[in-house]
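Naming follows writing order (A, B, C and D), and every chain is counted from residue 1.
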Amino acid sequence: MGFGPFLLLALMEGLVTAAVLSLAAVGLSLVFGVMRVVNVAHGEFFMLGAVIAWFVAGLVPGPAWMAFLAALVLAPLVVGALAAAVDGLVLKRLNYDPEATIVATIGVMYMVQQAALSFYGPDARPVAAPFDWRFQLPWFGYSGYKLFVVAAAVAVLLAVWLGMTRTRAGLVMRATQVDRDVARAFGIDVERVYMGTFALGAGLAAMGAVLYVPISQAHYLMGHDPLLLSFIVVIIGGLGSLRGTLVAALVIGLSDGVISMFFSPTLAKILATLLVAMVLVFRPQGLFGAKA
Amino acid sequence: MTTTSLFTPSRRRVLQGMGAGLATAALPGHVWGQAAPLKIGFQLHRTGIGAAYGRWYERTTTAAAAAINAAGGIAGRQVEILYEDDATDPKRGAEVVEKLAGPSGCDLIMGTLFSHVVMGAAPRAGELKIPYLVCSEGYHVASGALNRWVLQPGITDVRAQISTMAPWVASTLGKKVTMVFPDYAFGHDHRDFFTTAIAAQGGEVIAQIAIPPTETSFTRYFPQIPAETEVLYHVMVGPAVLTFVKELGEFYGTGAKPALFGFIDSLEAVDTASPGLEFLEGSHFWEGHCRAKPADAGEAETAYRAAVGVDDNGASVSDAKDVSTYAHMFSCWETLYFIKQAVEASGYAGPADRQKLVEAMEAVTDLPEGAERPQGPMRFDGKKHQAFGVQNISKMEGGKLVRVHQTTIEEGLYDNDTDYTAMSF
Amino acid sequence: MSLLSARGLTRHFGGIRAVDGVDFDLEPGEIHALIGPNGAGKTTLVSLLSGRIPAQAGTITLAGEDITRLPAHARVRRGLAYTFQITSIFPGLTVFDNVALAVQGGRQPGALGPTVEAALARVGLQGMGAEVAGTLSYGHQRLLELAMGLALAPRVLILDEPTQGLAAGEIEGFKALVRGLVPQVAVLLIEHNMEVVMDLATRITVLTSGRVLARGTPAEIRADKAVQEAYLGA
Amino acid sequence: MRAWAVHLAVLAALLAAGLLLPGYHTTNLARILVLATFAAGYNLAFGYTGLLSLGHAMFFAAGMYAAALPAWHWGWPAAPALLAGTAGGALMALATGALALRTAGVSFMIVTLMFAQAFALAILYFNGWTGGDEGFVIPSASRHLFGTSLAADTPRFLAAWSLFALGLLLSLALVRSRFGRVMVALRENEERARMLGINPFAAKLKVLVISGAWSGAAGAAYALLFGYAGGSFAGIQYSILPMLYVLLGGAGTTLGAVLGAGLMFYLTEFASSVTSAWLFLVGLVLVVLVLFAPKGILGWVRARLWRELP
């Protein structure tokens, strides 16, 4: 394959990676930004979304897109409700202490993983894409659904951005993010905002997983990578910055894609990882974070 | 040493037991209520990355133990299997060996699959001087890296498996091979041994693409597959395998593509008729044990499937979506029968006889096909502590794997310097 | 020669010229007050002097040595101490540990015990070493802050709004304390309380919009028309 | 004085337990003490200095390989291998810390995480030399210290205990020293510490190097005592484990690390003996424990019972 087509493929793949990253990270960006807690169970919420998509696919008859739409609605609701319960039962009682939250969410991670293993099983299972369209370029073929994921990621990010900037709920969340004590003084029910944010963050992770699972597969350990990558994206982007999250996802996705053209896969992965780390080393506040 | 004379009666009784359904309940209690049970510790991948295998390893072993018990147990003693989860982790694996050997009071330990767990736990087994029979297919045992207490009697090691594939690949599919494999031990064994083996057939590996194990998407590496590739040799493990195949299909699509040859490890516990796997149609796979029941399958194969609870497609009889790890799990069954054979041959009575037991194991040579070995005949090399059996090559036809070739034991034999019998206990 | 001196000191934040080409001299043994309306650049100026933020242009010398490029902690070790506007003690540590940290980091890290006790005695906190700093009253916390500054054994002590939040009685004690520091230490004082400024300072510099508006003795400043317009009279 | 007495008593109790309990527990204790040494190193960085690292697996693994590779390839005996491991962990901390300490807080967490990921991948990439994920068995000739085989229960335990005891007493001396005060100051308020003449970068780098040396010594000891080195020890879970141990036992307490490590081990052991869904039980207990003691068990003790607990 010539260099041109190779680059084209690398860029397309990079774009898809960026889309997946931003879908996984957008919820974490909210939670981390507003609540300033490290939710180690974020990846498990993502996994649950994928697993629910698999169950729904088995339950909803008819064409794949119907099950897909059903999962797209159902998974965020179920996972969001679970997250709200975790918030109310555990995190609130810990007063969102950063360190205690890490331990608690590690505990939640174990419980969710075991529940998935017991009720869903250890196998990797595929979920059909809502539509089956593949197109052939002169040099290689490509999945149409992957491009749909890119579009969906753009739509989700746009919706979250509009929600944060144009709605009252978004305003309340941003106010809480800036200073929770001041927000409380202005009569904002901070605990409700936190519960809502935590549920929304988890719901977004689940929705991202429903979109992602047709190009991957559902597996009970699949939450691990989205967790780490989400954290990386959110921090590189700059805490609480949606634009930063998007740009960081693009930087990581595209650099990953392009670097993989020139090196053997493992070496490419090492170099891409170090490159992204260096971004933070020389810009510790992230790409769009406020200077300290 | 003759093994058939020891085995014939029990084999018949196994089959009788199976025919009668759960015959265990029907057997009079006093027959096996006298001697203390033989406790076999099973190091199980119940959680972690190996869990899909672990579940079937557990089912197979439980079935084998039930069959043996129904037929009177081992040397008149009932077999009790103690499963202990190692989380597919070498550190926990070592702890599990200690627990099984210590407080659990097991006579011996078996069952480990993932090679890093074997490596991490083997030194402890050696120090605790307890036989440790792995079902891993790794080359770690035969390579001589481990110790006198570690044996692999139930499955052919990957070096032998791979070497037997090369002649067929070179003569049937092509001589210019590109390999795609995970960048860890299992993949490295493939890389090293297949490259050598295909060269011996006048073929050549023209590219080696090692994929880091954390990777979840593969398309961007496919352009590294040289255009002149005749055979794409792929062996991936882990949950991302489905993505790998799906993306490969999308990448090549309707265009020209190399012949595909893979190891079924990629698709263990995965339904070969899954959406996205259509691309594999017409491609070939190594199978240790054919998942879809071959037309010429004998009595032992049928009985084995019935005992474990696997249908003719290799899925659970109770849930057709629950696909087994058929190409590997037979190793648990055969390892347990190997234990039976060695315990009975050595007159093993308790932990004090463990050394005698290992020596009896090392003395085993021929392991004929039968109810004990539904996968086929094997030959055990006491010096290498490794069994060698026949291998299968199957073709994907209509979403189902159909055997097209079977290798002989001799094709897989190789020479190396390993001689565990020269090592002290 | 002045003890601490700055020439053409400049720091912009985006479009805002927080400090814009300021020359400044602190003479040995003086109490120099820095005043100006909110946003005049007082805190930025002392932050530049102490090295908490780097200067974009200009030079700073301490006793003749160019310290422009030195990081803050190195300036502290050379005798340039800074106490925080908002009480910034280590609330989880004992009073002793708070002061001991200053002794360790200061110019003459010697035997901890006596030095710490001397610094505490100087501000009137003797015998309170075992208390946890966070449990002290606000006034005591301000005194502890000062004790930490003193324990650094500084040549220059920068006090950023030291009387903020203190009761009238406490302010009197504070003034006496600061007067007792000179002439061994030169004091640079940012202060809003004009009574304190006029009472303590030997010289005053008035900043507005990042520039020096006037400089002189308290009497001169009081009489300065421009200052009255820009600040006092406003 | 009371603190030293308590620590010596804990060490004596551990020694007695290791020597008197059956072999199985002796080995468990040996493993717990090695991991507790690792966690104690982590605790110096995280618990005392506030450096939230998610990359300590890289120091542990650097120590493990710095000891195990010379043993495997060149037949080094245990003593120099152990020293090499300690140095390996320290050097890795020096190299990565010099870069990562340009950042702070969550950025530091992510940078250390990514360096550790790169290191773990490098172990796979250079598999011809490192043994990759499968790892390798340490030759038994290298597992002798002072003429005694470390593969036997009691010597292994004594070696682990000695390492832990050394680490614990050094930790105690360190946190009660002048520098220990600086560490806590950096955790509590770095900017204030800077204005007290403390060079935060240099001090934090020093802590990280000490922490790396500890972790490296633990990694080397693990390889030599249990006979195996492998890539899984460089994985993210070995960065999370010491954090979990420390948070559970009590961050910023010298004894928290061993308490957390022991608790997690026996919790797993107990959970897997009562249910095959043991992971759920472990998770549940973690949640309940943290609800009961958000600052860890010794954090709770310090808040309620004994303020001066070091």
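Worth a mention:
Throughout what follows, a contact is a pair of C-beta atoms (placed from the backbone, for glycine too) under 8 Å apart; a residue touches a chain by one contact, two chains touch by 3 or more.
All values derive from a computational prediction rather than experimental measurement.
Looking at subunit B and subunit D, the chains in contact with each of them are A. When chain centres are set by their Cα atoms, the one at the greatest distance from subunit D is C. One simple way to say how far apart two chains are is to compare their mean CA positions; for subunit A and subunit B this gives 37 Å.
Per-chain CA centroids place subunit A at a distance of 31 Å from subunit D.
Centroids built from CA atoms put subunit D at 43 Å from subunit C. Measuring from the averaged C-alpha position of subunit A to that of subunit C gives a distance of 48 Å.
For subunit A, residues touching at least two other chains, in rising order: 113-114, 117, 266, 269.
Counting partners per residue, subunit D has 121, 124-125, 278-279 as the residues that reach two or more other chains. The list of touching chain pairs reads A-B, A-D, B-D, C-D.
Within the complex formed with subunit D, the residues of subunit B that make contact are 46-47, 83-85, 89-92, 94-95, 98-99, 102-103, 115-116, 119-120, 122-124, 127, 138, 140, 145-147, 183-185, 188, 212-214. In the complex of the two chains, the subunit D residues touching subunit A come out as 99-100, 102-104, 106-107, 109-111, 113-115, 117-118, 121-122, 124-125, 236, 240, 243-244, 247-248, 251, 277-280, 282-287, 289-291, 294-295. Of all the residues in subunit A, the ones that touch subunit B in their complex are 1, 5-6, 9-10, 13-14, 16-17, 113-114, 117, 121-126, 128, 134, 136, 140-143, 215-217, 219-222, 225, 256-257, 260-261, 264-266, 269. Residues 22-24, 27-28, 31, 121, 124-125, 127, 131-138, 151-152, 226-228, 230-233, 268-269, 272, 276, 278-279 of subunit D touch subunit B in their complex. Subunit D contributes residues 178, 181-182, 184-185, 188-189, 191-200 to its touches with subunit C in the complex.
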